[in-house]
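Consider the two complexes below, in which chain A is the common component and chain B and chain C are the respective partners.
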Partner chain A sequence: MKNDKNIIEVKNLVKHFGGVYAVNDLSLKIPRGEVVSIIGPNGSGKSTLVNLLSGMVEINSGVVILNDAEKLKKIKSYEIQDLSITRTFQEVRLFEQMTVIDNLLVVLTNRSVFGSFFEVHKKYHLEEVERMLQRVGLEAKKNQLAKNLSYGQRKLLEIARALLMKTEIYLFDEPFAGLFHAMIKTVSGIIKDLRKEGKTVILIEHNMDLIRELSDYVFVMDEGSLLAEGEPDSVLKKKSVIEAYLGK
Partner chain B sequence: MNIVPQLILNSIIAGSIIAFLAVSFNLIYGATRFFNMAHGTIAIFGGYIAFFFFKTLGWNMYLSAILGILAAGLLGYIFDRIIYLPLRKRKASGMIMLVASIGVFTALQSLIQIFFTSEFQTLSDISVHDRLYTIFGATITQTQIYILIMAFIVAICLIIFLKYTIFGKAVKAISDDEEVAKIVGINTNKIIGLSFFIGSGIAAIGGIAVGFDTGLNPTMGMKLLLHGISAAIIGGVGSVYGAFIGAFVLTFVANFSIFWISGEWQEAVAFVLLIIFLIFRPRGIIKR
Partner chain C sequence: MNYTVYYIVHLLTMFSIYAILGVSLNLVVGYTGLVSVTQAAFYGIGAYATALIAKTAGFGFFSSMLIGVIVAGLIGLLIGLVLSKFRDDYYVIVTVGFNIIAYGIFMNWHSLTRGPLGIVAVPRPKIDFLGLHLDFNNNLLFLALVLVFLALIYFLARFIAKSSFGRVLKAIREDEKAIQVFGYNAFYFKLAIFVISAGMAAVAGSFFASYLRFTSPNTFVLMESVLILSMIILGGLANLKGSLLGAFILVLLPELMRFVGFPNEIAAEMRQIVYGVILVLLMIYKPSGIMGEYKL
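Let's look at the complex of A and B:
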């Protein structure tokens, strides 16, 4: 493992859609191996930040620096696994026409195309997927099409898919939203495990109890910029933060 | 004399040829979501390459056929690399891709005309008579039997291949959500390129079959494609299995329509069937 302190640094990042500045001159540093929460009112640019970091939208200006070394002005979505980044979506995106198990197996594809050509998934791939399904409690659903899952099951499957990518950085965009208690426990357990394994998690979340429970550090965004940052307890008490939330 | 057995055989033979086009069309459509209008002419191109090696150079027939298939596959792959891939990168819509493929179609058809003239060319050996077989009073040539067996083998292999290989799963994932497929580390451009290679190669088997069955001319690619697309839509756009079924539904309905309307309307019947499907069951027999 490298000793670089910041696994991701974002410098003067800007993203606008027409006249709307979704991310506006944002700078922040994310230390390796921590769970960092990003909070802020709806429309403050949290999802856009995740989209920028995962190459889903193009950066207008600014840079993303990985491991205090690699400066990126452009991130391509098909390269993020090589950058050791994975993500989930606020609006879950699965391969709807594929079975639950295939949604996970497809992540374990051979990187060389010709390698994938005649190769069938191996036993250890299947075992790995089965273990993952057990961990998120979807083993009974494995042969169903993804589109037939319930809302919560869909969220869990998407998280499982991200975990199987085995990256260093996990971007979770509101993974708890709309989940019931048991599933919240599963997801928070996963995040705690990732932290134990030394992975870095960027968590977008609204529930203050979960933020306190899970995160080492909190960034508060408002209108595309940074409003506050710090340890959860101190940040959540700040007057400006409370106002930003209540003001909307 | 009972004409039903002959109609059944004719439908199966025509269906087999269309199946090559329809199945491969749907493979490419599944990965790229656009109507590749050059697909039929690529099939014909494969037929002409086989013709060149077999008839012009006098090479072995099977080797010539394989070269035709590989050449068409390669051409499909090259078109993807130099035309469709750059368009995809610029996030071109399916309509723009379709128009681009019409350009490819026109250029390729002209090239075939330049190199092989517009005359009818046949791959079969005229000096040797094709063996005829009679089944329930209906006749079928040996060539046609080969075509029919090939169609079933190719379709079944492709279906199994797509169902079980990692490649097949990747194609399905791209078809479902290309952006997310990229995010999870699937090399979408390479997989799509390979789909073009395989799809164009399979189409070429259809082109070569036509060359042996009735003969080739440069402009027949579009007609073949329209039948292939109709079958693909009737069976379910994007579904390889559906396309195979669709090919036979199409030819059976067209052939058997002669009981109600004159045979010269067969072509029209095929498209009426397409329209009926577009209106009442746009996602085809095999819903995806």
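Let's look at the complex of A and C:
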């Protein structure tokens, strides 16, 4: 099954909050091992799609098909690790009153109540965390509480946490938003590395240059539905896409 | 024993009992972020279970304590299951409800608890083992025994706090939805710590009933849970030493007040007021408590 072209297929997905249809009969196929960007104006349902794929909100109708095999009508957030999915959040969600190290160790240790009860983190867990902190340039902050980090450092820590999950699929919800140049470089480097490793990245992003630089394929969402899709260069030129962004 | 020694031993015994309650509650409130106001219910379950089983079934203190711990754990499991449906403010309110229910049962199940009369002549522990004869009717020996159990519970709590399990509890406290995304089913973790905490509180109850040789519903009113909660907030949440400090302050405050010149009769009543004032001031100037590592 692993060789199938699409790692995720979304079919007729619907999510509404009261009368607001955040995702409205959305169907799309995410090719395996590529960086796929999802763009669209604010409120077009991009974050909701990521929330649906990660089990943070319940699917109203439609299915998510993983590896052409598993048909999911319900996704529980604590099961997405087993589906080899992880994510970051548009609004950074860290474990604020915990140290930077603990924010990362917690995704490496035993998942069961009994297993974790009799486990103190292992030495190789700590080494893995240290390597990751170096990669994102946070090693000097390791004993700080997460709440004391700067905005950019917080975003990096969140990305580091996702990377340590070592999943096949990464959902990054606006990872570049609000970052300065050096940190943008770090994050785009990480995404390029993931692609080299054959991982699938779903990237929500507004910056057209970054989209062109990083993505193999682009989906454009508008009002919960698909407006356009294709290779970055051709999609970004489409009149309908430009209109959706600039307002009709 | 002369009166002063007797009194110091009494204070230290009460300190130890409250310290056990504080440490147990800190695991739930400080480490897991679940603001529970029903610890006195488990305290009471431990006290009644020990009193009833030791008296009627003639079990020794330690086996009746063990049964008390198991009963409290099982009831903690049921209550924890109900509580898993609630968050934040509603969680607090439901725990209040459970304490009121527990008190109502202690008060009104006459055939079992003798209602407001309480249960008298609860035995003290005895150890007759390998030539060792210890009679804990001696208050000093009794204190030593409570201290041993406080140490055991303290180190168990510390072990939990430092384990991977403890780190997950903190992450649940910080962002329950986020930690689930990383593969943890928070439900089981919250339930486990709630049950462990209930069992620990029952140990304090067993000692309390045996120490006074008496137990009655009035010890396990809602206000007692509020007191235990405020005690650990004062000492500092998510810090076990803070709970010891909180218990120390709680038990010693009336003595200190007497020391600085309040008359005997007033000191006891003023304790609550002064305690309340300290709590308010602390929340204004240092909301994480004296040694706290977590702010609600």
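By our rule, the second predicted complex is superposed on the first by the 246 of 248 C-alpha atoms of A that agree within 3 Å, B and C clash if a C-alpha of one lies under 4 Å from a C-alpha of the other, contacts with A are read in each partner's own complex, and residues count from 1 in each chain.
Keep in mind that, in the parts below, contacts are C-beta pairs under 8 Å (C-beta built on N, C-alpha and C of every residue); 3 or more make two chains touch, one makes a residue touch a chain.
Please read all numbers here as calculations on a predicted model, not as lab measurements.
Peer 1: What does the overlay on chain A give for chain B and chain C, a clash or a fit?
Peer 2: clash
Peer 1: Applying the touch criterion given at the start, work out whether A:S234 contacts chain B, chain C, both or neither, answering first, second, both or neither.
Peer 2: neither
Peer 1: Look at A:S54 in the shared chain and tell me whether it touches chain B only, chain C only, both, or neither; answer first, second, both or neither.
Peer 2: Both chain B and chain C are touched by A:S54.
Peer 1: Report, in rising order, the residues of chain A that make contact with chain B in one complex and with chain C in the other.
Peer 2: Of chain A, residues 54-56, 77-78, 80-81, 86-87, 89, 93-98, 102, 105-107, 109-111, 113, 116-121, 161, 165 contact chain B in one complex and chain C in the other.
Peer 1: If we count contacts the way the header does, which residues on chain C are in touch with chain A in the complex?
Peer 2: It comes out as residues 160, 162-165, 167-168, 170-171, 173-175, 177-186, 188-189, 192, 238, 293-295.
Peer 1: Touching chain C in the complex: which residues of chain A?
Peer 2: Those in contact with chain C are residues 54-56, 76-78, 80-82, 86-87, 89, 93-98, 102, 105-107, 109-111, 113, 115-121, 161, 165.
Peer 1: If we count contacts the way the header does, which residues on chain B are in touch with chain A in the complex?
Peer 2: 164-167, 169-170, 172-173, 175-177, 179-191, 194, 288
Peer 1: Inside the complex, what are the residues of chain A that reach chain B?
Peer 2: My answer: residues 54-56, 77-78, 80-81, 86-87, 89, 93-98, 102, 105-107, 109-111, 113, 116-121, 161, 165.
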